[in-house]
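Report on one structure; see the data block that follows.
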Amino acid sequence: MSMESYQIETKNLNVHYHKNHVLKNVDIKIPAKQLTAVIGPSGCGKTTLLKSFNRLLEIQEEVKIEGQILVDGENILDRKGSEIPDIRKKMGLLSQKPYPLPMSIRDNVAYGLRIHSNKNKGEIEKTVKHCLQEVGLWNEVKDRLHDPASRLSVGQQQRLCLARAIAVQPEVLLCDEPTSALDPISAQQIEKLLLKLKKDYTVVLVTHTLRQAKRVADYVIFLYFGMVIEQGTADEFFNNPKNPETKAYLSGEIS
Amino acid sequence: MNTRKLRDNIGTNLMRIATLSISFLFFLILILLIYRSALVLGTHSIFDVLFSSIWNPDNNQFGLAAVLIDTILVTGIALLVAIPISLLSAVYIVEYAPLRLRRTIRPFIDVLAGVPSVVYGLCAFLFLAPFVKDIVAPWFGVQSTGLCIFSASMILSIMVFPIIISLCIESFDAIPLSLKEASLSVGATKWETVKKVVFRASAPSIMAAILLGFGRAFGETIAVNMVIGGTVRLPSSIFNPGETLASLIASKYGELMSIPLHESALMLVALILFLVVLLFYFLGSLLLRRAKKRWNY
Amino acid sequence: MIASVCIVLGSLIVIFGLVIMNGASSLTLEMITQTPILSPPGSPPGGGILNAIVGSLLLALPATGFASIIGIGIALFLQTDFLQPAVSNTIRFMLDVLWGIPSIIYGIFCLMIMIYIGMSSSLIVGMIALTMLEIPIITRCMDESIKMVPIGLREGSYSLGSTKFETAVRVVRRQAFPGILAGILLGLGRGIGDAASILFTAGFSNRIPTSIFDSTAALPTMIYNLYSTPLGQSKAFAAAFILLIIVLVVSVLSRLLTRRFKKHIIK
């Protein structure tokens, strides 16, 4: 528990978004190959934190980021613009609402592959099949791979986005409330997938249902109004919270 | 109670009449054009008219081939130049330009879409034509008065820029940020995202924009008329003068109005214009419906 | 890519600049307050372009007025409350075609009718041609804006016992008002600047029209008639300058008004 490596660390991270100080002096450590849940009431900067990890925040305007974000020991904020796509490749993103790209199911999964590698058609097909199997979508779509992805149900689209993300072999999976737009059955499927995937990937899961965090997390970070209140293993966090605000949140007084 | 019902009735019927009238107008124009073209089609076969290049009204010869070729050249070159430039400009404005630049350019382009054709024609006549005559044509080793097919197509492409750009900007803007994020998050660069996601998602709108641009270019009468030189003859180069279908009508109507057969020839030209626009809009709406069904954005 | 933007902006700035530079210099007080004075051939024509200014206003303003009234009626009627979608979409298609055809067709159409009835080119024929030209433009703009009125709003009105007509006039029109206004301004801008439709129908005159059966000059036709004569070019530029100002004013007004009225809209 104590000697695992940390894949992502932030030191003194401050983010200003449209002149609002959204993240304040955030110092966190995210352990490798485990599922870390980031919890807290809505609007507290959880999504902002997530999107700063793959430097996706910067594409919006009036964003100021200060501090350090260390991935495998290296500060990604120091890297130049042209290197950002490589940083992003390391991190897969699963959004709240699934956004399949405007192309066929197969092309969605192959999208990242075609950009980054020189694999030939056969290898791409194999990888596509493998990723779709990983997310449990293969049997449902194997006969209609060239159909537009928009024809899938919302639950299937979300699994497709997951397949798309793992196709480029990231090390980290950033998940922004990925089940909040889904029906209970699809939500369950995604949760099970995340539990399976955390053996091979570092998963950071933003969620604002405590119950979900309790079900899946190994490590928990509690963010409240842009500040880190408490972080620790799930065991410690849920059974032995140290902070009064944590206790209040856990008991449902603040939400 | 009664006045309310009466008012309702009258109001609804007035609206109905207005709608019926405009539909009626559509068919009336079409029928009138057909009716008036019938005269010339009675004495000349349609193939003669379309494929002969001899235009000599005094001799009752109404060959439109030269005019058709000129129209295709002028419209084609204008669109060939305008489409890529407009698309790239729209992409730059939406995706790459700093916020302040974006805010000032957009209203500017909207204003330009409203500038009347005569003004474009005036500037083209006084500045573009001499430029072509003195610099562009000699560079190609050709002699020209500047009033030629090339000048017409250049001013047309300038006129078409605002139309395509503003429609594309609207459609690029409407693409949700998360879609672009989805592409960027697998490590695509901004340009790759533009190429593979933004363009694809706006494909129907881009098509509509191009269609509208085509309509403007194809039917533009006044500006073309002012710089194309007014000669009905097969062109040997784009620096020759010529006439397009639309500009022909403007040029010749005064002279030919009095003689029914000549007037009928011009009516035929007008009918061709009407039918081409009709056809293109029809094809366009079919294409758009298919594209929208497939990609659902 | 940046090169493209520069080409676009560059060419457009050049055009603007040319008109402004040449037009401003010709825009003396005499130019806008006098009608042309016929001078002996060989010397530059004197006087101004007042006939064209007044003519343009007399042609375009009433035409826009009529077109707007007819247009709002059609646009409201095209909603699904009154017509089946198949019918209304066909009518929309016809309107689009009418918008897309070259304006000279309207000129020819009115000319033929004019000759048939036995009238000569005059203010009223030109006005009718412009009205026909503007109706599709204004109607489709209004229609697009009305389409965006959320259906819940209309349902709310019906459930209070309103008829379709009342809902159309009271609720829909108010919600879509900025778009409606924008459509009218667009039509006005087009009507003032169009030359082809009034070339044969409004005729030309050096005087200000005194009755609707008089021929009249207009700013676009004045430019068209004078552009190639070296001596008339100052008048042409002055007219072009005024047209540009009108286009600018219409555009600015359109933006201001839409912003002002957006306050009352429910999202």
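The first chain written gets the first letter, and so on, giving A, B and C; residue counts start at 1 in each chain.
The rule is simple: a residue touches a chain if its C-beta (ideal position, glycine included) is under 8 Å from a C-beta of that chain, and two chains touch if they have at least 3 such contacts.
What you are looking at is a predicted structure, and each value in this text was computed from that prediction instead of being measured.
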item: Each chain counted as touching chain A and chain B at once; value: none
item: Farthest chain relative to chain B (centres taken as mean CA coordinates); value: A
item: Interchain centroid distance [CA atoms averaged], chain A/chain B, Å; value: 48
item: Separation of chain B from chain C, taking each centre as the mean of its C-alpha atoms, in whole Å; value: 18
item: Where chain A and chain C are represented by their mean Cα positions, the distance between them in whole Å; value: 54
item: Touching two or more other chains - residue numbers and ranges from chain C; value: none
item: Contacting residues of chain B [partner chain C, same complex]; value: 7-8, 11-12, 14-16, 18-19, 21-23, 25-26, 29, 32-33, 36, 84-86, 88-89, 91-93, 96-97, 105, 107-112, 114-123, 125-127, 158, 161-162, 165, 212, 215, 219-222, 226, 246, 249-250, 253-254, 266-267, 270, 273-274, 277-278, 281-282, 285
item: For the chain C and chain B complex, residues of the former touching the latter; value: 1-2, 4-5, 7-9, 11-12, 14-15, 18-19, 70, 73-74, 76-78, 82, 91, 93-98, 100-105, 108-109, 112, 132, 135-136, 139, 163-166, 168-169, 186, 189-190, 192-196, 199-200, 220, 223-224, 227-228, 233, 236-237, 240, 243-244, 247-248, 250-251, 255
item: Partner chain B, residues of chain A touching it in the complex; value: 51, 54, 56, 59-61, 85-86, 88-89, 91-93, 95, 97, 99-103, 111-112, 115-116, 148, 150, 161, 164-165, 167-168, 174
item: Residues of chain B touching chain A in the complex; value: 99, 176-189, 192, 196-197, 200-201, 294-297
